[in-house]
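Here the chain labels run A, B and C in written order, and each chain numbers its own residues starting at 1.
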């Protein structure tokens, strides 16, 4: 516990995919880790990176997310680490192939997890030994994981705008579930639209003024309810 | 793809039931097919019909919905057709009794589907051969299916008002999940109340001025959370 | 049915837990039964009580909820009683150990239910014989159960404030799923934040002026998405 008696949480997530015109995901754009403290509505500190990983290899991104948590806790400390794996808040160090077999997860998810489990456990052990805190596979139950998703999403919008400016062609960007961007002078705010999350958001600072160089249209993903998309094109 | 590079979708749904005083459904009031294009928030073109089908035979309405899609695509064209069956976006033409056996659906749903499958596949084949587009069993994952639900719901409100005027007795109308009507000079707008669908709606034009002849009170269905109902009575 | 032709429902729920600093529940604070009539948005009449039951024994609270329904129906009458058990709206009188075995509920939930079933059936039989109405295990499908949850939650806030004043130390109170309090001169309103429940709420009258004696900060529960918490401390 920190001085204020509150639980300081570090969490990570990756999000937002470039889509083809049939709204099928091509690549994951960004990942971020965040430090979130009471009242747990947005990030106090964060690390965000463009990743542009093939959507087919999405399950491997979790390792990079864990690394971003390790990097952030080294700088700012925390009481617990939350990863975006929904396994009942089980400590990652205790996850074993046998345990995964007994969990109610799909065959495919299990196979993906088994591949990355050795790397994940190594990072979790490192965090626990060095900082004395647990790394939990809590996933969708965690509010800080949602804040990480929105923070990486806000940054992904900027990275995709940059790509549209450089690549000269239109970009179709699929946003995280149930959220909506607001663009302003200071950058991008990505607000949650989930029930009871009206005051939860991520932010990315537009230091390079990239938003001024693009036109952005918001639409609903017709093939995935609850997901919005942005059509981004370079201003001519 | 059409000229703008967007995916034009035709979808259909039926919705809204007359209820008895215990809030049990008696009959399904309306069906509609819609053409929905980017940004996928409401119908560009639609076909709507009063159907008043016994709620016990609700599973057969899917055939009529497919027919309404076939009629609409004949008039306005589209890139894909979405039906309100949640079977993982599987093409209806490829659905076979064996495949249904392997899907995670309830015994009852499977039996109902098996009855209508021959008719459904016939219509899907007709659409694919004539217009070169797929008919997908995508159901609740499809935003255009939601727009069809709200569009048929808006029309159902008008049809139920007509019934209240003619029948001289009060009508209790159960609305689609998580939506709320706004009545105006031009007719009925039915707005989604689902998270992240605040800008999604259906509309029905009140050409006959039927709304002026009724009193409408909105209430919550006490026995089905998320569902609202309208108590409609003739003005005296 | 009552004179207006509407279905009068009595329902009960208990809610809100004192939390430790890791946001783990310690004890359930309050229970309430409510009479809800059309349009089913808030309680017309209620009975609310502080209970402070150990969270480990939460499954036994259902018996007390049934008793609060029995007490309320004795005073004001109703057409049906809804309990917070999600068993497909099955009449509680008809629930048998064999039937529970066939239902899709977890082993743990079944074991808890089996323990309290004799008491529950006794109360249900008493209600049915004396008042001629059914007691349904409808749970999360029932809007009146949600109104009971919000009504008990509003009262729990006042009880927790009283505890903070008396106990001299800070209290961390976990609220029911997806709701948010608004404090005013007349007491506490607890509004639902669920989709399509924007007009549903519970209320507790602050007759003793306890709200004036405390400071209240609202935060999000970091370990349980959708749940908010209040940090309550005595004004110095």
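Criterion: contacts are C-beta pairs under 8 Å (C-beta built on N, C-alpha and C of every residue); 3 or more make two chains touch, one makes a residue touch a chain.
Small disclaimer: the values here were computed from a predicted structure and weren't measured.
Q: With touch defined as above, tell me whether chain A and chain B contact each other through largely the same residue numbers, more than half shared, or through different ones.
A: different
Q: Give the rotation angle, in degrees and rounded to the nearest 5, that superposes the C-alpha atoms of chain B onto those of its identical copy chain C.
A: 120
Q: When the centre of a chain is set as the mean of its C-alpha atoms, what distance in Å lies between chain A and chain B?
A: 35
Q: Specify, in ascending order, the residues of chain A that touch 2 or more different other chains.
A: Residues 194-195 of chain A each touch two or more of the other chains.
Q: Would you mind writing out the residues of chain B in touch with chain C in their complex?
A: 21-23, 170, 177-180, 193-195, 217-226, 228, 231
Q: Mind pulling up the chain C residues that touch chain B in the complex?
A: 1, 5-7, 9, 36, 38-41, 82, 89, 138, 140-144, 146, 194-198, 200
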